[in-house]
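Chain naming follows the written order as A, B, C, D and E, and within any one chain the residues start at number 1.
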Amino acid sequence: MGLVGQVFDALLAIALVWLAWQATRAADLFRAVVSFIVFGLLMAVAWVRLEAPDIALAEAAIGAGATGALLLSALDRLAPRRGRSWARVWRADARTWVLWVPAVMALAGALTAAAWQLPAPGLGAVATGALEQSGVDHAVTAVLLNFRALDTLLEIGVLVLAAVAVWSMGPAPAASAPVMPSPTLPMLGRTLFPVFVLVAAYLLWRGSHAPGGAFPAGAVLGAGGILMLLAGAQPWIRSAEHGPWRAILSAGFAVMLFAAIVGALAGGAFFEYPAAIASHAILVLEVTAGMSIALLLFAVYLRGEPHPAADTDRQRC
Amino acid sequence: MSWTELVGGLLVIAGMPFFILGTLGLLRFPDVYTRLHALSKADNVGLGLVCVGLGIQSGSPAMMLKLLLIWVLMLVASATGAGLIARTALARGIRPWSP
Amino acid sequence: MLIYLALASVLFVIGLHGLFTARNLLRRLLSLNVLTTAVFLLLVVIARKATPLDPVPHAMVLTGIVIAVSTTAVALALVERIALRHSPEPEPSASTRPGEEDA
Amino acid sequence: MTAGDAAVIVLVSLPHAAAIAGFVWPSRAVTVSLISAATLMAAALVAMHAVAGYGAWRHDVGGWEAPLGIGWTIDGVACALLLLTAAVGLAGSIHHAAARVRPSTAAHDPRYFWPLWLFLWGGLNALFVSADLFNIFVTLEFVTVASVGLIALSGRLAQAAAWRYLLATLFGSSVYLLGVALIYGRVAALDLPFLAQALPADLVGMTAASLVTIGLLLKGAVFPLHFWLPSAHARALPPVSAILSGVVVAAAFYLLARAWLGPFRELLTPAAGTALGLLGAGAVLWGGLLALLQRHLKRMIAYSTVSQLGFCMLLFPLAAAGATQLAWTGAMVVLLAHGLSKAACFLAAGVIVRHHRSGRVDALGGCQQGIGLAWFAFALAAASLVGLPPTGGFVGKWWLAQAAINSGAYPWLALLVAGTLLTAAYLWRVLEAAIRTGPPDEARRPAAIAAHREGAPATPSDRGMMIAALGLALGAVAVGAAAPPLAPVLSSAIGVTW
Amino acid sequence: MNQVYPFLAAGLLLNIVVGLVRILRGPTAADRMLAAEMFATSAIVIVLLLAFVTGSFALVDVALIFSLLAALACVTFVSRAWVALEQASDDAASGPPPGDRGDTQ
């Protein structure tokens, strides 16, 4: 794209820097959060420019979906009373210009220079060479679910753990003010949810041979769940023990752990798939990973232990 | 250059002014209700033109379907979004602008 | 690529600055997220510089993004609890500094 | 699959499996946890036995070799830390299970304690065997989230501490990851033993080393980045404090040691070593001083962690001065002995504080009937922390001192002595309060007086908790006896250049 | 025709950059949310154009996800965040005092 490409990149960089600045510095919290959401949006464009479509998909789904929803919902609790932090929080004073700005410029410059010098040999050739035995055609999926599957297992573990930790902090806080009733909202939820499921399934299917796979699929499905919740769907967990939901939430992690151990029992290493069934094993893992990412994002979004009492006002919308 | 590519390209280019108009509206309209027009109308016409143009250009039915889906989803999102925002704004007591 | 490297550095520094100077808990969390994104950006640029394109950093960043969402969720849940505790009224404020009093 | 491999796979996967089981069936969580704790202890012993018998080995996860795949290195140090985790985990499990017997104590939700506890354990095990820089990042995040969950469980007051801990360690992780990214950009590898051969000692290496170090120093709460530790560790439940202070912080130091004596070995110049050593010196003195000034028992123990880890940091200047092997074994023994005795201190302190209904050091005098065992465990652990002869603390510090003498680095020897005296001073304050017979001089608090009058006898629940603490304290003493014969095993570390 | 698309993409990005002013100025939270929604539309078109320029049609999926999730942020905003924000920010707009919020139903 030549010169135009560079102009594009420069504009993107300016916008991103400005948004990051707003996100960390804006006088009001809502502006900060919206800036951060738009920041995520434009980061996805940056990933596209950097030829990382997988990350762009995940960022689009997670950044625009789960993180945005989480932050906006948190604002509901955190919104300051009038006259509090709506005053300007930070003013550039003399100390800033003398101390911070030069230090910051020097640090940023040094980092850029250091990173620019990196030879970046990369493992592309090695990964491509091993791709044939991995059971999938798409290199990123092969890395995630075969070469470095342990990372993915632990990452799902972190999500399970986050859900447990969030739930352990007590019952989910009810929305502090009534939700605006609107007839369009349930309709929107009902209409869109099948599309969410469809798109998630499509992304999952693509994962074995093209950008896509468990991560964006899970995030899209999780976002669909959150939308349903906001649109006033039936609360999903009613009983004190949460019925089978605890089992369902941890199922993905359990299946992956099981696969890893089976690999070891079959005579190989931890997480070693026998070559004959590698592609099937990865397919199963991908589906479970996607499902559990979706469920866990949703569980984490509840911001606390789902509780019968806390659910009552969700039904109202 | 084949004619599909030409027509598609022209449609895409035709979509651009709507985005500029949308941003103009976003910046210049006096209150949130008027600005909603910029969101729900101008940008979606622009998006529609781009999607149709690119669909024609690609020539593959699957791609056309996907682009169509994108457009429809955006229409749904912005229609309901605009409705919800207007409704809530009114309930919150933000008065519509009057000259 | 240079521009993206510079972008990563500047974002890192903005995140750093926000983390150290912001008082509001949510703002600090946002700063931390910006910081993490900067690191991801560096990894992806490194992947892009390599020939052929290196899938390993892409996988690392994907893992990192999911982890970042998890930690953000935990942090938000904590912030909410802290904000609730520090405000006597039903509408909580995050602008008080809970860190101050337990020194 | 050899017995050693099987043991390691059990060590990594069983805690996670048990955590899930505990989450899904909360009513069985205690049973599941205690059984798996015992199994994990056995597995750690098997792994240690395998390393002692056949030497260290490597396990390529997924069967993919170094630059592409993730490797596990199972060597003497890793096994020693696995064993430490198992000991603290087992004792902590018993302590918490016993604490639940008495209904009057705040029954912390068993539905969440046990899963988080076991996840933390599993994350630590995965961390100790991992040889891959990015995998280590993931395990560090895993450990962080589990720790934060456990701290926040301990009540409202702990949540602010948990928040600060979370922010500090997440920041540490990001900085660490930045360093890892630079290393990856330089040589396209993440495996520690592989990097030990490949990473050149140039500017990029230096930047990466300092970033990784800063990140880990934050996680390890090494002076001056220790600000988050005291309140987080002092406010958690006793077993949580024990594992955080004894193992989680040690994990950061363990990684630091592996990184600096592995990939960054060329960068460990006397200057770099001295800089790290000075941080250690600051930690020893500042942490010790603040421990001396604390009024609350648990805060004092928490500051003591900051101080004691400073001793381990002496590894770097001494290794840079040439006494690598001796300094390494010394620092590792200090780390192990500290882990066991600090955990014992926190577990004992849990009983003591509960018994006295006050955490103030000056309110602890007088009534000891019933909880003498807890005080005994505390005293034993204190002996090891100070470094009295037969204990592990003594052996470790002795080796460090020898390394200092051999390499002619006498200032570090002076620091060792000064730090030891300081440790003795603050621990003596507590023990002195305990052996006072009369009512406390300063027992202004009605609760303390009431507790004194009652002299509440120990319950079975107390006894279980005290036995857990005593077991760990005895372990810290036993390290002193076991360390000399095990020294060669401890210095078997894959990827470390002597 | 593909040679023109980079220019169009850059133009749209410029459009976004200019539109950022609305996020800065507000004045109500709704205005900011509205601006964010509009950026989603523009970003979709940018990604689509880039997909056709580079020929990597996987990027169309990114646009698809954007369009799918565009509704989510808006709905979260309306049903969760705004409720608590209204006192603080809406009085900047021309409107009656915040106590005057009537329930529509």
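Criterion: a contact is a pair of C-beta atoms (placed from the backbone, for glycine too) under 8 Å apart; a residue touches a chain by one contact, two chains touch by 3 or more.
Small disclaimer: the values here were computed from a predicted structure and weren't measured.
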| item | value |
| --- | --- |
| Given chain A and chain C, the chains that contact each of them | D |
| Furthest chain, CA centroid comparison against chain C | B |
| Chain whose Cα centroid lies at the greatest distance from that of chain D | B |
| Interface ranked first by C-beta contact pairs | A-C |
| CA centroid of chain D to CA centroid of chain E, Å | 48 |
| Centroid distance [mean C-alpha coordinates] between chain E and chain C, Å | 22 |
| Whole-Å gap between the CA centroids of chain B and chain C | 32 |
| Averaged-CA centre spacing for the pair chain E and chain B, given as whole angstrom | 11 |
| Interface hub residues of chain A, defined as touching at least two other chains | 33, 49, 51, 75, 77, 79-81, 115, 118, 120-123, 127, 147-148, 151, 155, 158, 161-162, 165, 169, 176, 180, 182, 185, 188, 192, 195 |
| Shared-contact residues (touching 2 or more other chains) in chain C | 12, 15, 25, 42, 46, 49-50, 54, 56, 60, 63, 67, 70-71, 74, 78-79, 81, 91 |
| Shared interface positions of chain D, touching two or more other chains | 68, 134, 138, 141, 145, 148-149, 152, 159, 182, 185, 188 |
| Listing of all chain pairs that touch each other, if any do | A-B, A-C, A-D, A-E, B-E, C-D |
| Complex contact set, residues of chain A against chain B | 180, 182, 184-185, 187-188, 191-192, 195 |
| Touch list for chain A against partner chain E, complex | 1, 4-5, 7-8, 11-12, 14-15, 18-19, 22, 28, 30-31, 33-35, 37-38, 41-42, 44-45, 48-49, 51, 53, 56-57, 60-61, 64-65, 68-69, 72-73, 75-77, 79-82, 86, 175-182, 185, 188, 192, 195-196, 199, 203, 206, 210-212, 216, 220, 223, 226-227, 230-231, 317 |
| Residues of chain B that touch chain A when the two form their complex | 69, 73, 76, 80, 83-84, 87-88, 91 |
| Footprint of chain C on chain A - complex, ascending | 6, 9-10, 13, 16-17, 20-21, 23-25, 29, 32-33, 36, 39, 43, 46-47, 49-52, 54-55, 58-59, 62, 66-67, 70-71, 74-75, 77-81, 84-85, 89-90, 100, 104, 107-109, 111-112, 115-116, 118, 120-125, 127-128, 139-140, 142-144, 147-148, 151-152, 155, 158-159, 161-162, 165-166, 169-170, 173, 176, 215, 293, 297, 300-301, 303-304 |
| Chain E residues within the chain A interface of the complex | 6-7, 9-10, 13-14, 16-17, 20, 23-24, 26, 29, 32-33, 35-36, 39-40, 43, 46-47, 50, 53, 56, 58-59, 61-62, 64-66, 68-73, 75-81, 83-85, 87-89, 91, 103-105 |
